[in-house]
Structure formats: structure tokens, C-alpha cells
Amino acid sequence: MRPNDRALSDVRPISITRHYTRHAEGSVLVTFGDTQVLCTATVEDGVPRFLKGKGQGWITAEYGMLPRSTGSRMAREASRGKQGGRTLEIQRLIGRSLRAAVDLKALGEVTITLDCDVLQADGGTRTASITGACVALMDAIWWLQQKGKLKVNPMKYLIAAVSVGIVDGEPRCDLEYVEDSNAQTDMNVVMSEDGRMIEVQGTAEGEPFSHDELLKLLALAKGGIDSIFELQRQVLNENHKGQ
Amino acid sequence: MRPNDRALSDVRPISITRHYTRHAEGSVLVTFGDTQVLCTATVEDGVPRFLKGKGQGWITAEYGMLPRSTGSRMAREASRGKQGGRTLEIQRLIGRSLRAAVDLKALGEVTITLDCDVLQADGGTRTASITGACVALMDAIWWLQQKGKLKVNPMKYLIAAVSVGIVDGEPRCDLEYVEDSNAQTDMNVVMSEDGRMIEVQGTAEGEPFSHDELLKLLALAKGGIDSIFELQRQVLNENHKGQ
Amino acid sequence: MRPNDRALSDVRPISITRHYTRHAEGSVLVTFGDTQVLCTATVEDGVPRFLKGKGQGWITAEYGMLPRSTGSRMAREASRGKQGGRTLEIQRLIGRSLRAAVDLKALGEVTITLDCDVLQADGGTRTASITGACVALMDAIWWLQQKGKLKVNPMKYLIAAVSVGIVDGEPRCDLEYVEDSNAQTDMNVVMSEDGRMIEVQGTAEGEPFSHDELLKLLALAKGGIDSIFELQRQVLNENHKGQ
Amino acid sequence: MRPNDRALSDVRPISITRHYTRHAEGSVLVTFGDTQVLCTATVEDGVPRFLKGKGQGWITAEYGMLPRSTGSRMAREASRGKQGGRTLEIQRLIGRSLRAAVDLKALGEVTITLDCDVLQADGGTRTASITGACVALMDAIWWLQQKGKLKVNPMKYLIAAVSVGIVDGEPRCDLEYVEDSNAQTDMNVVMSEDGRMIEVQGTAEGEPFSHDELLKLLALAKGGIDSIFELQRQVLNENHKGQ
Amino acid sequence: MRPNDRALSDVRPISITRHYTRHAEGSVLVTFGDTQVLCTATVEDGVPRFLKGKGQGWITAEYGMLPRSTGSRMAREASRGKQGGRTLEIQRLIGRSLRAAVDLKALGEVTITLDCDVLQADGGTRTASITGACVALMDAIWWLQQKGKLKVNPMKYLIAAVSVGIVDGEPRCDLEYVEDSNAQTDMNVVMSEDGRMIEVQGTAEGEPFSHDELLKLLALAKGGIDSIFELQRQVLNENHKGQ
Amino acid sequence: MRPNDRALSDVRPISITRHYTRHAEGSVLVTFGDTQVLCTATVEDGVPRFLKGKGQGWITAEYGMLPRSTGSRMAREASRGKQGGRTLEIQRLIGRSLRAAVDLKALGEVTITLDCDVLQADGGTRTASITGACVALMDAIWWLQQKGKLKVNPMKYLIAAVSVGIVDGEPRCDLEYVEDSNAQTDMNVVMSEDGRMIEVQGTAEGEPFSHDELLKLLALAKGGIDSIFELQRQVLNENHKGQ
């Protein structure tokens, strides 16, 4: 039995709150159950040096966890003097996923930085981050359009993500922390609205997984992500009507 | 005229929400107007090496700002590889202030870490941090008492803080960002419940300030802090009744 | 047409040379075409602090590239003062993959460190590293057995890895650099000898990939890895006969 | 009884030696009793990036202690790889105080760096640094004038500083180390020649301090600083006559 | 008796393999007995900032050891976050020695970086590095000439290096590790082809050394280096004939 | 003609002032002309980890330059976050030289740290450091003897150092900065009182140097160092008489 009597294919209650803080061009609080991530999008003119003069924009991401977002306190990366390997891996994943959603040529010489900061962690922070950052990015792009800095919307499709895994021998969707830490296999899937895949990262924590198990996990992920896309579209439509 | 028609001696609307996140022994969201700081208190057994065997506890603090808590994005200190001077100065102030409120001998060999993370900044983040961290600290101490790890409450008195300053030639209480960035003099005051001072840090940003101006600023601070103590006691009493 | 007229399902010429350098308990030079990686296994008594007293061993990995292993010189990470995100991501992958191949309880309180240093790069350095490190690890385990420090061989199965991807619309096995840098989709697959998966990391560099494309890539990976297992067994048997 | 039979309101014997080393545009050895600080002023063309094109100059400070300036050896910050929080706090204070003494617009696009290095420490190193750096700064400005790079002297007034505190219940001026380490309250005061305040930093190390105690400490500081201004003017006049 | 029955004046078997890896403009594997160093030369346009506009080129070097090039594993400098003092000292020596061999004015505004990475260590890695880097540098210069970027060969003479030392009271040439770690005196000598000295670094590890001992060590070094020059010329001539 | 009409074999006026600062067990200000270095010796119980239980002591050194000890300001290493290669090279040389003067077994499990901080630089700071540190070390050893912590004096002989070089084609002793920066060859020599060598580091900055030139430089160094030993003995005798 899963915690809270969830069905194997159910995602946790998910909420996406736009305009959560005031300064950023996009600011979204996303929650997957007890996981809470604040995703802000910052628009800045110009691009990093390696892109100068190539007539395209850039999208990048940074990820952090508040020291006591977790069950026991983690040392603050700023005071340890560097970001750990897990942090770098996650923020590279977030940035890469969101770049796949945008036509960078159409964006123009602008950099959008997605900051995903975990206020409270209960599993699935990276997939929640991608899901929330996508909405914050859309808000930032609309902000650019309202300012007249962009004519065409360079977003190709929404993207969303969920974690799936095999726990106690059964494939489950959207693992929370107690499940994640006991999973035999853990997989993060990022998809585009048209049902194709942007990232698939499956890891055997215990036993290797079979081809058949992989297929079951992908099916669960597809189902979970479809319900997330619905929520993303709903919270974004509210805005559009208002505009 | 101050923003929002505030009187010179008024603090902004202040709120203190306890149990804001789930994992920490104390977790408080404090807001002074648009300034929002999440203050968590973490209890850990043992003390830093320099205190080993001295039969006393330790209280320390760390401070951080989310990259887009501010009007323009600040580089993340974790990715820059070190905490800046302002950050270190503020977290030293927070830790020192809270140690002044506690009988460290009575605390026993326990370390309490206060993490103050600014979600949104609009001036006065260090004084809001001290104010909120005091409540989170009280919750952590009560947690220790409920666990039977502490018999006597080692808290000597509540502490609270406010910023005051001279803007456009007039002394004002609880500066928000537009005032703070134009202040001729800026002062942070931390007081104990009995009306004495724990820290006074006054800085002439423009013109030096006279003895008379100093006295006016202290009086404003005293008034503001008194109203904050009232709120602290109120939110803490709610709990006490429930216990 | 692929470079060197390779068929889409062909891996490049692969060689695995054991005992390549003299000091390490396992030392393997692995080449996939022009990609050359030196993999050494170092055995040390004891385990990291977080495992002390748990009665198990540890396997970890570090990865590096010589500055001029690549077409243009990369800054040396030691002189830049930190390992980049790509490096950390790769060494975490190598370590995790090899831990999946070993019964850490049976290993006892011993740490084996796999150092994978790229002497020359032409695509697929992380999968070559895993493939070579597995052989170096086996040699280190045999060394422990010869020294009488291990009675049972804790290796559960060999592991091997290959990169696959979609280039010019066609799925290909074992991408070399000119292919990798033009791939629409790039996927690294790590498998165990029994044909199950230990890691699958697929990334859409350009277009998202469909479920059908994923299946084709996995099939290519399976074929490539099977031929690598054959080579691993062959070079390891040479030794065994000699012992 | 204070060490050396000092009266409560007495500063220690103070000396200010100009032109102490040869290379710097200003070079001052300042001693407050056994506290010895070498303060050099370096003039460089240009300003930091954040001030480019604003038609003003910049004054900044760095502070350091020789490893064995103290009773027991302190680790060298250069070999530990970073400046500690106390160091950063002090050098921010020194820089801020000296900027308050200068009309930065009148200085022009020039940066003056004050390096304050403690050769021997016996309490009050930050206030001695400010006092000595002010004289070194004046020498650097005169050097600019002699070189014809400045027409008007941009120095608005001299500044000086002293520490005061409550030890054994009595307010005392210019604490030396044995007093400082036992003070209930410790306060650093920086003033301008006209008797106004530039910085007031009071800290309750033990008991909070009352409003009345604050006033007594400020009065002591004023008296001490007045005598320091006299000495500063005296050593600077020697020069002026010579010019 | 020396290991392998070497005479006191003998260098170990030395080999120099050019074009060892494919990407670099010069790539040499040099071995002195069991010491193996990969030396690559990278040509880049432009010079470091401090040389801009001075109409000359620059030659610099970096040195590293693979973690398990040694008998027990050394921590990777990239993961420790800095290069150690020994590494910096050696790479400064290599760069300085090679700059002495080249007319930097004749080189033009080009930077050549010599990376010397120790694959296996058995004493004398710094002198092997200099010896191999000289050949890699020559290849890089010939590459520049073939590309038409250099008309005149700016190399003034070949340079080579050897370590000598006093072990068990007797002066010996080209110490291997077991000798080096027991030497009373250790000396590294870098010479130019015409028999003059570029660097002499003699260190008394145990007893100080006399003037007479110094002379004997220099004579041994001269003999060893002469035989190395012969090998360098031989491997370089092979190429020249082919061109 | 040399600056100040010095003869080619003359050292500059040298002074050695003991007990220069108050806290350290040995504290010496050494000056060679305008070069001024403060050398302190700190005695601490215990030894570094790699020597634990070996029944011997340790001597180590650290070197630093005040930012404006030089003609133009150098960035402070503490704020740059690391010690540069030159600094590390020099402090390794100082420590190694002083260890050669002491019987570490006879010292017992004690660590003596020599801090050499350059207050003013005019060439020859490393040789001045060694010369001054030797006297500070002797004072620290006498302090250990007076405290009854050492019975036998473990100092084997005094050591001293001087720089020599070839400037304008002529060998000169004790180069000052204007000579050093124009030297064709630069050599640092450290000797023991009995006339043997502890370190010889000769570098061809321009032309390589011949065997004959090397001999001339060594003779100059011997003469200079002999006069320094005389001064060391003189300042140390003053003390001895007093004890």
C-alpha cells in the first residue's frame, strides 16, 4: 500500500501558483505533495560569451535546496564553497530540458535564468523544478512580449516531468521520499506536450531492470505527465483570459 | 510622505507564521511588508570543537538570499564559491543577537542553527531575520522540552529588531527598500524584551549624524520593537495554550 | 555514410589492455576507436565516514580529461580550482554503475577507487570508462583474493556501456565525436551481463524522441554491449588461465 | 584598576608615524599601546566596474593580521583560502568610514586602497586602522595634488575612531585585549572632526546595555577621539609646514 | 650496487615517442625507465594580458600526475580544488626552462602551452617532463612553420634535463624513486645543447653538500644530459628526413 | 657601477633586530638594505598527522608580502583565495632550509612555524627571510630550553642565505630589485656555518650560464654569507650574555 492510499499510477496532489514573488519576470511555486519548489525566471539582455554574435538566446538554470528543506539539515553550499555534484547534475538537467522547449533563434540575444529553490523536499524535487520552471519561463516570455521585445512566442511546446520507480517490486508513479529511498529502480522522465521524450534517466539503485520494466515505467510516466500538462495549461489559461 | 502613507514611527504590517515548513524543529515565515524571510531552527547534538567539554550549548546562524529575491538577480553565492562580506556580517549579527537571549550553560551540549533565507526582499531583511529567528528558536527549545531533553527553558527573554534611519532629513522607523537606499543614516537596533539594547549599528551613508539624531532614532526603534514584541508574544501564546 | 564505412549497428574497434601501468591494483587502457582511457583501480582499507561500522565496502570513481585529449585545449580542472559539472556527472555515473555490479557487503570494509583518465577523446569517453573500469575492478578484486583478503568474489556480473544516438535521422551505435556533436538524440546505456539495464540516459539534443526511436536505440545498445562483453570475458580469461 | 593605572577615560599612548615604508603613496604606522597597524594608501587610476563612467572616485580597504600578531598563532587567511567573516566585516567598516570623509565626485576617477595590516594586536585594531588609514589617505591625496592630478582637496574632514566598553561594570575608553575579552559591552565609534558620528557599533557581549550606559559610552568615545584628532592634526601639520 | 646494475654515471633506458596522441600540435611520450610522461604542446593565437602589444610570444607549462601514477594513490588535485606547492613549483620550472630555449620575439604573438602529465612515476618526473616537452615544443614550432605562420625557427637550442644526487655517499646520475627517496642530496640540472646551464637546483635532503660534491654532481649531470641530447636529435631527425 | 657604489662582492647594510614583536616565541626584523622582513617563530605542541608517533618534531614556514610592500600594489593573496606559485615555492624553500639546520629527533614532538612577512621589498626577500628566520628559530629553541621543554639544543648550525647574479655581464652579490629584474642569471644560495651548501638554485633568466660563471657566483655567495653569519652570531651573543 502506498502512503496516503495512492494508486500506483497516481501523481500526488500538485499545485502551481504563478506570481508567487514580486520581483521576477516569472515566479512560480510548484508543489508535488509536500515537495515545494520556488521557480523564478529572470530575463537579462545579452548572452554568455560563447554565444556572442550567433544571433540566438540562452536559457540556463540553477538549483538549490534550503538547508532545512530536508529531514536533517544539509550544509549550505554557499558556506561549503561549492555546489555539489548532485546540484550541478540537476541544474544541468533543468537547463537542458527547458532549452529543448524553446526556439533559441527566435528568442533573440536574451538570457533567461531559471532559479529553482527547494523550500521543502519530499522526493521528486528535480521533476517538480522542471514542471514549475516551464510555467515561470512562459510567464517570462509573455513579459518579453508585453514589453514589445519579442514578436513571436519562441516556446515550441510545454514540457513537464515526473519521477517513476520500482518500489517493493511494483512500478509506481511520482515517488515521494520514503518510496524514493527504497526504490530498486528510479527514473526521471521529461516529456514534451506532444508525447515525445526530452530526457529519460533510469538508474538501477538495487537490481538492474529489465526491458519490460522499463516499458512499464515509461507508460506510468506518460500517464502522470499528461495530467501535469493539463494543470499547466489550466493555470496558464487563467492568465491569458485576463490579459 | 512615506510610501503607503505610513507615519514616521510606524512599522510596516508584520506577520509571523509558525510551523511554516515541516522538517525543522522551528520554522517561521516572517514578513515585514514585502520582505519575506523563512527562518528555520535546527537542533543537533553536540557543539563545535572550540566548545567541547565546556558544558554549554551553542547557537549560530546562516543567512542567504534567493537569487531573485531582489529587483535584479544576484549571483548565487553557492555558484560563486563563497559567501560575500555582507552575508557573513549579517549572519554573524543574527547569531550573536540570539546567543545574547539564551543561557548557553542551561542549554546543554546542543547546537541550534538558525537559517534565515530571504524569499523576497524589500529592506530590513536582517532585522526581520532576527525577529523571526527568535520565534523559531523558541519553538526549537519547546521541542527540546517536549522531548525531555531540556528541563529548564534557557531563553532569558525574547529579542526583536528593527531598522531605523534618516531619510529626506526625517527620522523614520522600519525603512523599506526605496527609503533604505536613499537614507542619510541607517541604523539597526536589536533589543531585549526589558527594553535594553543588544546591538546598535548606526552608519552614516551620507552626512554624519549628530548626537541628537542618534537619540531620535533610538526612540523610534524602541517604539517599533515594542510593537513587534507584542506580536511575537501573541503568536507564541497561541501555541502555549494548545500545549 | 558513417565515418570509416561503419554499419549503423557496429561499434568501433575496441581494445582492452590489462596491466597497463605498474603501481595500481588494476590498470587498464581501453580504446574505442580513437578514444583512449586509462582506468586504474586502487584498493584502500577502510570506508568513507558515512559507511563506518556498517560492515560493507565502497566503490567510487573519479574522471578527468588530459587538457589536450581534445581537439582544442581545455583548461586543466586542477588549475581552475574545481571539477566542472560534466566531470562530476560522469564520475557519479561511473561509480554508481560499478557499485551496481558488486555485492558491497561481501566486499568487506575496503574502498576501491576507479580513476578514469582520458588520454585521447573521440566521443564515448564515459561509456569507454565504465567498460574499462569494470575490467580494472575485476583485477583489483582478484588482487584482494590473491592477498587472501577476500574469500568470495563479490562481483555479481560484468557490466559494460555504449553510447547510441540518432544522427541524420538514423539510429547509430557507438557515436564518435563528429557524430555525437551532430546527434539529435544521444543515449548512454549501461548493462549487466544478463542483459538487464543499470543506467539509461537519453537526451534530446535537438528534437524530442519518440517511443519507437527509444526502442530502436535500446536494441542497438544491446547489440553493441553484447560484443563488448565478449571482449571483456576474453581479456579476463587470458589472465585466469595464467593464474 | 585598569592595566597601567589608566584612568577610565584615558586612551593608551598613541603614535602615528608617517612615511613608514617607501613604496606606497601614503604609509603610516599607528600604535595604540601595544597594538601596531601598518596602514598604506595606494593610488590607482580608474574605478571598479560598477562605478565606470559615473565621474567619481572610489575608496576601499583591506585588513589583515600577521599570523603571529596575536597571543596564539592564527592560521594565515591566504593559506586557508579565504578571508574570514571578522576580516571582511572590519575591512568593510574601514572602507565605509573613509568614504564618508571624502567627496568622491571631487576625487575623480581614481581608486585609493587602504591596506591595514596588524603587526601586533592588543585590542582595538579596527579603530586603530581607521585612525591610521585616515592619515595615510591624506598623504595619498597630497601626493595626487603634488602630481597635479587633483586641484581641490576632496577630504571633507579628518575621521578617527576608538573602542569603548563596559568592563567590570564600569565604562572605559580604548579597551586593550585583556579588557576587551572581558567586556560586557563593546562599542566602536567613528567620528568626524566636527563631533558627529560616522559609525556606532555597540554589542552586548554579556548583558544587554541600557540607554544610560549607551550615553556614557558615547561620551567616553567623544573624549578619546578628540585627543586622537589632536594628534592626527599635529603629525599632519609637520608635513604641511614642510611643503 | 644500483638497481638493475646501473653504473653511477648511467641514465636509465630512455625513449621518446613523437606523435603519441592525435590532437595536439606536439605530442611526445617520454620514458626514463619506469617513469612515463605524456607531454603535449598546444599552440594558441594571442598572449596573456601582461604581454599584450609587446610583440612577443609566450611559452608556459602545466604539470600533473595521474592519481595512481604513484605507489599509493594521491588525491586528485582537481577534486581537492587546488594545485599543490610541488606541482606549481615543477610547472614553473618547466615553463621557465623552455622559455630559455626560445627567442620569444621571433615566435610572434602566439602562446604555446606544454602539458606534462605523468602516467607512471619512478623518480625524475620533472626532468623527464622538460626533456619530452622540448621535443613536443619543436614539433609545435615545425607545425607553425608548415602552416606558414612562422618563417624563422625561434628555437635557439635544444634543452634537456636530468636529476643527479648523492645516495649512500656516492654521486649518481638519473635517480629512480628508491634512490631519490634515500638521497642525501638531490639536484636537478637543465642544460642547453652548448653545455651551459639553464637551471641548477640542488637540495640537501640530509647533510649539506660540499663544493667538491657539487662539482661531481654537475659532471655527472653533464654526461647524462649529453646522451639525452643525442636521443632528442635522433628522434627529431627521423622526422626531418620524412618531411 | 652598482647602486650606492657597492662593490660587486658587497652585501647591502644588513640588520637583525630580535624581540621585534611581543607575542611570538621568536620575533626578528631582518633588513637587507630596503628589504624588510618580519620573521616570527611559533612553537606549538604536536606534529602534523604524517609524523604522528614517529618521535620527531617538525619545522615549517609560511611566506607573505604585504600588498604594498612592492612598487605597485599586489593583490592580497587572502582575498584572491589562494597563495600563488611563487609564494608556495618560497615558503617550501624556507621550511626545507631550516629543517636542514635542526636535528628533528632531538626537537621532540613539537612544531615550530616560521612566518616570514615582507613589510618592504627591494630584492632578495627569500634569502633575507631564511637569514632572519634562522635567528627567530634559535630564539624559539632557547624559549623551549628556558621552559624546560628541551634539554639539548637541537640546532646543528646556523644557516644563512644570499642571492647572487650576473648583471650587465658581471657577477654581483646580494642583488637589489633594480639589479634582480635585469639579471641574466639569478642564484639563491643557502649555506650552513661550516661552509657547505643546503640549497643552490640558479636560473638563467636570459642567457644560459657557464660552469665558470657558476663557480664565480658560488664564491661571491660564500663571501656574502660569511659576513652574514658574523652578524647572526653577534646579535645572538648579545642575548646569551644576558641570560
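What to note about this one:
The letters A, B, C, D, E and F name the chains in turn, as written, and every chain counts its residues from 1.
Operating definition for what follows: a residue touches a chain if its C-beta (ideal position, glycine included) is under 8 Å from a C-beta of that chain, and two chains touch if they have at least 3 such contacts.
Treat the numbers as computed from the prediction; the structure is a model and nothing was measured.
Annotation of chain B and chain E: not jointly contacted by any chain, touch as defined at the top. The minimal number of chain-to-chain contact steps leading from chain D to chain F is 1. Residues touching across the chain E and chain F pair largely coincide in numbering: over half of the numbers involved belong to both copies. Chain centres here are C-alpha means, and the one lying farthest from chain C is D.
In this assembly, the C-alpha centroid of chain A lies 51 Å from the C-alpha centroid of chain D.
Chain C and chain E have CA centres that are 33 Å apart.
Centre-to-centre spacing of chain A and chain C amounts to 29 Å, using the average Cα coordinate of each chain. Among the residues of chain C, those in touch with two or more other chains are 81-82. The cyclic arrangement of chains, taken from chain A and going next to chain B, is A, B, D, F, E, C. Across the interface of their complex, chain B is touched by residues 82, 84-86, 88-89, 91-92, 96, 100, 187, 191-192, 194, 196-204, 207-211, 214, 218 of chain D. Within the complex formed with chain D, the chain F residues making contact are 21-24, 27, 34, 36, 38, 40, 42, 44, 62, 64, 66-71, 73, 76-79, 81-83, 87, 113, 115, 117, 119-121.
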